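Look at the two complexes coming up: chain A is in both, with chain B in one and chain C in the other.
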Partner chain A sequence: MSFLIAQSLINGVILGTLYLLMAIGFTLAFGVMRIVNFAHGEFYMVGAFCALIGVTWLGLPFPVTLALTIAVAILLGALVERVVFRPFRNDELSGMIASLGLAMILQHGALILFGPDPQAFPALVSGVFKWGALIVPKSRALALGVGIVILLIFYIFLMHTRHGRALRAIVQDQEVAAVFGVRLEIMYPLGLGLGVALAAVAGGLMAPLFGVSPFIGATPLLKAFIVVILGGLGSIPGAALAAILLGLIESFTSSFVSASAADIVTFALVIVVLLVRPAGLLGRAEA
Partner chain B sequence: MKRNSILAAASVFALISGGAMAQETLKIGALVTMSGAGASWGNGMKRAAEMAAEDVNETGGLDVGGTKYMVEVIAYDDSYKANEAVTAANRLVFEDKVKYIIGTVGSAPILAIQPITEENGVITMTLGFTAQALTADKPYTFRPNPTTAEVAQPQIDWIVKTQGVKTVGALFPKDETGEAIAKDLAGAYEKAGATLAATEFFERDRVDFIPLLTRIIAQGVDAIELDGNSPVTAGQIVQQARDLGFEGVILRTGGPATQEIVNVAGEAATEGMFVHSAFDPGVESAKAYEDRYVATYNEPMNGFSPFFYDGTKMLFQAMQDAGTVEDTEAVKAALEGISDYGGILGTMNWTGEDRYGIAHQLDSPFYIARVTGGQEEIVARCTSAGCE
Partner chain C sequence: MSMSATSSAPAFQPMTVVWIAGIVLAALIPWFTGSVFHFHIAIMVCISAMATGGLAVIAWVGQLSLAHAAFAGIGAYTSVLLVTRLDVPVLLGLPAGALVAGAVAFIIGAPLLRLRGVYFVLITFALNELFRLIMLDIPEFSGGSSGIAGIPKISLFGVTLSNYQSVYPFALFCLALVMGLLVLIRRGQLGRRFAAVEENLALAESSGIPTAKTQTIAFTIGSAIAGFSGAFLAHYVGFISPETFGFQLSVSYVIMLVTGGRLALWGPLVGALFLTPLPEFLRGAVEYQHVIYGVVLIAVLRFLPRGLAGLPRQLSRKGGRG
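And now, the complex of A and B:
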């Protein structure tokens, strides 16, 4: 039994970190642009395909592929902000609907380009780390390690650079930030680009674990949504807390009760949090 | 005199145009899954119908009672969902006016559209594994592919006997298909002298099976059964089970999906896996079909596809035997009357009277294969009586 507990703990933390990568980008895009980006999951899918193309078609090493994926995603995100979201900057509902349309365009674009069948992604590493009875698959350890490094880099960028501070200022109050000289026309595309890049990098990291197909974006989007609602829309520490919490809840209830119970518990928790703390665990109430 | 020359001109015209028959269009619906996890099955079915149609169109059309029909396949996607299947079935039956539907892929979708198709005398050829798809009060539904109920027992007997498997763990999707297969398999393993000791049900869009597999592996099972899962999901389960260090037997007693599983999980993880195979590349016509499929669509062929090619061809033959494309009751009777059909996979006959109360289930030979280097290698040949 103690083996199962420890194993579930490890599984949960790994899962939570993966959710966090998705959720932070989602919450950042919301914080900056006030648009719920339903296309976020599709950028995860795009990232996975970028990784697939880099590794299997071009034969590039995985780190290079990942770096290229990030670059492509930032550019794509900035482009999307300019073309799709800018006209809806003060119109949240239309922006949301535009993001739904964008999601469909991306998904069906991938369907036309790559077909519906899952694509083979070669395993980067194989085998497991073992401590006694405890097992961590090396592939997941790798994803976890890279994920944490990327999150740390992102954290340093956000907290200790000029652009990072500007982004945080916009999240807090756009008008005041603009008055203090934050250039919105640069920061908006940058904010969405970075958010999208985090989703894409999550896709690239997960591709060897969960496979690549045009339909893989839906589940991560749902998880990111749950995490962000739990943690509080726009709150990055809240997302971190909620992601780990969600990972642990899923892992423990799946391992000790059943997979369906995990979904029930997750959504029950979402409902309770929304009832008791409508702004989320660490979210700010709307002024 | 004038009349005679008109007649002569008409007969000359008829000779040039290849027969004195009017040419009409026969529309066939393909209501299959073209997006999501079941898309590889759905495309395999749709393409089977298209290739069967191509065959008759190349010869100038299907000759039924002196009229040549060019066959047109109208395809709709149900995304493996019952509600979308109903929408598509309504369109096919009431707007496109089709009398024949190849589909659906899923069990829930076929049960959902049967009230429409049976009521309107529309003949369906479904892949859906549920036993409820074929019953005596649903005379217009046929199933050209064997399901778990047909193939599980002989294969499980063989695996349990030769691999020394005592306890088995399995994951199933939480829907009609999954529940039906779980029940069939539990019975089959018990009969073979083993137990389906650990089962888990999950939502179909799940991709992370590590927590569920942790639980199953912790119960010390000898084997993991993949039957009932879509090709992609099965691949993910294989990969993640091996990731967790599971070294026992992995097997799939139904549903051809080897190519997709290898694609997702990789060659290393699938090495030594036992799979059900309906397809012997040693059979020339089967190999020729696969080659044609790959050449036409530039994708690996799903193992269900040949059944629906044969099924569609049998449907065409039934129309010719009945001498009508409109009177589906006559076509149904003619289809039921076909025996020892020489299909591309072998000799086919209708069966299922005992199991379903109606002989609308196609019986065909099948195999157990071992996956080596990503390829199937046949290790046992089976009939519903047993494997050796």
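And now, the complex of A and C:
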């Protein structure tokens, strides 16, 4: 029994880290631009295809591929901000509806380019780590390790650089930030670009584990959505807490009850949190 | 979005006559061509327009529901289960579907509608997902992921509407009823209350309008219409599953509503009329269809904030505010 608990704990942390990668970009887009981005999951899909193209078509090493994926995603995110979202800056609802259209364009664009069939991704590492009865596949450990490194780099960027401070300032109060010289024309595309780049990295990291197809964006979007609601829209610390919590809930309910029970429990939780505390577990109240 | 002034317009503007004439002509197309395929498309337009009409009623109080497909699903399952398990006539199953969907909306409406703007969209999105998951989890009622097939066709007083040509007049009749209800609401006191709530909730509240009750009424009526359209869809297509009423269906209703015009009386009809036939004429290029949907949606949001139904008005104002 204690072994099952320990195994669930490890699996939960791995899941939670990946959910956090997805959720930060989603919550950042809302915090900075007040956009609920229903296309966020499609950038996970785009990242997975970038990794596939880099590794299998171009024969690049995985780290180089990931770096290129990030660059492509930042550019794509900035472009999307300019073309799709900018006209709706003061209209949350229209921005959100536009993101539904963007998601359709990206998903079915990928369908036109790559076809509907799932594509296999060559395994990067094989084998497992073993501690007594505990088993962690090396491929998952690798995804977890890289994910944590990327989250740390992003944390340092956010807390200790000029642009990171500017982004946090906009999340707190856009007008005051602008008065103090934060240039929204640069920070908006940067914020969305970085956010979707994190989703794309998650896609690239997960591609060797789950394969690649145009439809893989839906589940990560749902997870990001759950995490961000639980943590509070726009709150990064809230997202961190909720991501680990969700990973653990899913891992434990699917070990001890069933996977479908895990989904129902989390969605019921989301509805309760929205009703009782719309600002999330750690979020600040809306003005 | 301060354009609720349209609701106080006189009953017969020249524009309204043009709209009605255009819609009547479009409705006659299948009889001119005689093509079974065109009858099918026309029936699908009627069903989509009814569902989108329900979504419009909710939009009139300023709320956008992403749970609309779930309410269509509640109506569909209610009618199908009544008809197949309890031998209830389909003609009673359809209103029963509307009734149950409306009742569910009424019960859960009050707490949900305290949320506004994107928060309401998010909670309805979560509700739609919860509906799908729960239905998948009770296969003894829902048929699980393989769904329920062989659903009885609609029959009126013992006459089964077995082919497309006979379903279409009934679909038109139902659509006319729904649109008639929309016109009644819009022109009546309730419509003015809806518009007041949509435009300025705080002002409406302080002018003595019971805003919470008003929103619940709109949500209940709109969701009941969704339930009716879902039941109609189920008996027309003959197959339903929890996946039929997923996120994608809710999104397509939103796209039709926004494309037609979020606050325009004829918006739902125009949106359904414009977007439903589009995929059918792009067969063999289904991927392009969705890309086109996405582009149309973003373009309409950007350049026609009042939707296609607002286009003539926008043009006549020398470029409007676009």
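Following the convention adopted for this analysis, the second predicted complex is superposed on the first by the 285 of 287 C-alpha atoms of A that agree within 3 Å, B and C clash if a C-alpha of one lies under 4 Å from a C-alpha of the other, contacts with A are read in each partner's own complex, and residues count from 1 in each chain.
In this section, a residue touches a chain if its C-beta (ideal position, glycine included) is under 8 Å from a C-beta of that chain, and two chains touch if they have at least 3 such contacts.
These figures come from a predicted structure and were not determined experimentally.
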**Prompt:** Fit or clash for chain B plus chain C once both are placed on chain A?
**Reply:** clash
**Asked** First (chain B), second (chain C), both or neither: which does A:263 touch?
**Response** both
**Request:** Return first, second, both or neither, reflecting whether A:122 touches chain B, chain C, both chains, or no partner chain.
**Result:** first
**Message:** For A:225 in the superposed arrangement: first (chain B), second (chain C), both or neither?
**Reply:** second
**Prompt:** Looking at the overlay, does A:11 come into contact with chain B only (first), chain C only (second), both, or neither?
**Reply:** first
**Asked** Who does A:111 touch here: chain B (first), chain C (second), both, or neither?
**Response** both
**Message:** Looking at A:98 after the superposition, I want to know if it touches chain B, chain C, both of them or none. Which is it: first, second, both, neither?
**Reply:** second
**Message:** For A:134 in the superposed arrangement: first (chain B), second (chain C), both or neither?
**Reply:** neither
**Message:** With both complexes overlaid on chain A, does A:213 touch chain B (first), chain C (second), both or neither?
**Reply:** first
**Asked** Thinking only about the overlay and not a real complex, which stretch of chain C clashes with chain B: 74-82, 110-118, 146-154 or 290-298?
**Response** 146-154
**Asked** Touching chain B and also chain C: which chain A residues?
**Response** 111, 260, 263
**Asked** Once bound in the complex, which stretches of chain A touch chain C?
**Response** 36, 84, 87-88, 92-94, 96-98, 100-105, 107-109, 111-112, 222, 225, 229, 233, 260, 263-264, 267-268, 270-271, 274-275, 278
**Request:** In the complex, go through chain C and note every residue touching chain A.
**Result:** 64, 111-112, 114-115, 117-119, 121-123, 125-127, 129-130, 133-134, 136-137, 251, 254-255, 258, 287-291, 293-298, 301-302, 305
**Complete:** chain B residues touching chain A in their complex are 34-37, 39-40, 43, 174, 200-203, 205-208, 210-212, 214-215, 218, 231-232, 235-236, 239-240, 243-245, 260, 262-264, 266, 268-269, 299-300
**Message:** Going by the contact rule set out above, which residues of chain A touch chain B in the complex?
**Reply:** 3-4, 7-8, 11, 14-15, 111, 115-120, 122-123, 126, 128, 130, 135, 137, 139-140, 209-211, 213-216, 218-219, 250-251, 254-256, 258-260, 262-263
